[in-house]
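Handing you this structure, nothing more for now.
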């Protein structure tokens, strides 16, 4: 019955990667808290880089200077 | 002044259905908690089926086996 | 498989009222979108009145002038 | 380390306005709570007007009667 | 720069378990999406069992019938 | 009609500081997007330091080494 919301920037996360995240988070909750996968929700939100701010900048801007790994 | 967030998969919810949800939730909060509709927010998020996981699967996958009504 | 989050101020919502909200929202999603109650989450957050702002005021302050029904 | 989520209707917010919101919120949290901008997240969600309800109406409907400034 | 919100019922999750969840989710995002742990937020919300509804019941009620593993 | 959710750690934010955040965010949305304060929600969540993870650590742990300003 856990609800997990993963928010990342909208930068090409593949279906396979989404499934890996869904499986990984569900397994983690089963292992650590014995939660039932049948009622474990995992929801992935993909946010435009203009719409995500860090250190007073948008990620669109940060992406232009390669050193800023986020 | 309630804030209600309804998250469902992005599978063709019509404008009329959205309005039914908005009216239904607002009326419920007025009836149960005497909340003022004029400051009751209802926000509907529609999530891609790839992005919603249940029981270690994405809803895209679950939709392929008809018995899985969710 | 819907996820519904209801946020209201922490002002004495009873267990019975919470159950009415849970039942009401679940029934609404079944009626309007044919969603399965067995995988419908309803989560109620109760927020302190100091922590909820409307019209540049906290609800604590607004509660002191009776006309402000929210 | 604050996380701030701003939800507004999807009605043409420009990149420049988004940056103003990111900078404004980050500066506010630095000034009021001495938070470090380098770990301050600001995420802006743009919601379709059909998907946002207020006073039992969708914002799409409210926009049709000009007096309803929201 | 991911933001992950884990919502579970407030039923005695220990500090050690919370740390396991924080480490597990952060490692998963590093492995799958090469995200930087230094800007990966994991926030755990613990929700009262009266405030969490599933299948038209509160978890408080469901806990009284042992078969309902959630 | 904006909804703004500010999540910070539960480390003694005063009522006066909360009001400053409410006023500051509301004024920012009025200035940048001409939003009406009368329908602008600002909700502040205070999260226990055990429940907030950054860089694979809880904030409880990070607080023990003073350089980690977050």
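Each chain carries a letter (A, B, C, D, E and F) given by its place in the written order, and its residues are counted from 1.
We take it that a contact is a pair of C-beta atoms (placed from the backbone, for glycine too) under 8 Å apart; a residue touches a chain by one contact, two chains touch by 3 or more.
Here's who's who by UniProt: A, B, C, D, E, F = Tautomerase.
Predicted, not measured: the structure shown is a model, and the values here were computed from it.
Strictly by the touch rule at the top, which chains does chain E (Tautomerase) share as contacts with chain F (Tautomerase)?
Common neighbours, chain E (Tautomerase)/chain F (Tautomerase): C, D.
Which pair wins on C-beta contacts, A-C or A-E?
A-E
What is the chain whose Cα centroid lies farthest from the Cα centroid of chain E (Tautomerase)?
Chain D.
Sharing over half of the contact pairs with E-F by residue number is what counts; pick that pair out of B-C, C-F or D-E.
Interface equivalent to E-F: C-F.
Taking each chain's centre as the mean of its CA atoms, how far is chain C (Tautomerase) from chain E (Tautomerase) in angstrom?
Measuring from centre to centre gives 21 Å for this pair.
I'd like the Å distance between the centres of chain D (Tautomerase) and chain F (Tautomerase), where a centre is the mean of that chain's Cα atoms.
That pair's centroid distance is 14 Å.
Centroid from C-alpha atoms only, then distance chain B (Tautomerase) to chain F (Tautomerase), rounded to Å. What do you get?
Roughly 27 Å, centre to centre.
Which residues belonging to chain F (Tautomerase) are in contact with no fewer than two other chains?
As it turns out, chain F (Tautomerase) has residues touching two or more other chains at 1, 3, 7, 21, 25, 39, 41, 43, 52, 54.
Line, ring, star, complete or other: which describes how these chains touch one another?
Contact map by chain: other.
If you go through all the chains, which pairs of them touch?
A-B, A-C, A-D, A-E, B-C, B-D, B-F, C-E, C-F, D-E, D-F, E-F
Spell out the residues on chain A (Tautomerase) that touch chain C (Tautomerase) in their complex, using ranges where they run on.
For chain A (Tautomerase) paired with chain C (Tautomerase), touching residues are 1, 3, 39, 41, 43.
Mind listing the chain D (Tautomerase) positions that touch chain B (Tautomerase) in their complex?
Residues of chain D (Tautomerase) touching chain B (Tautomerase): 7, 47, 50-58, 60-61.
Where on chain B (Tautomerase) does chain C (Tautomerase) make contact in their complex?
Residues 1-9, 13, 17, 20-21, 24-25, 28-29, 32-33, 35-36, 39, 52, 54, 59, 69-70 of chain B (Tautomerase) touch chain C (Tautomerase) in their complex.
Under the stated contact criterion, what part of chain B (Tautomerase) meets chain D (Tautomerase) in this complex?
15, 18-19, 21-23, 25-27, 37-38, 40-46
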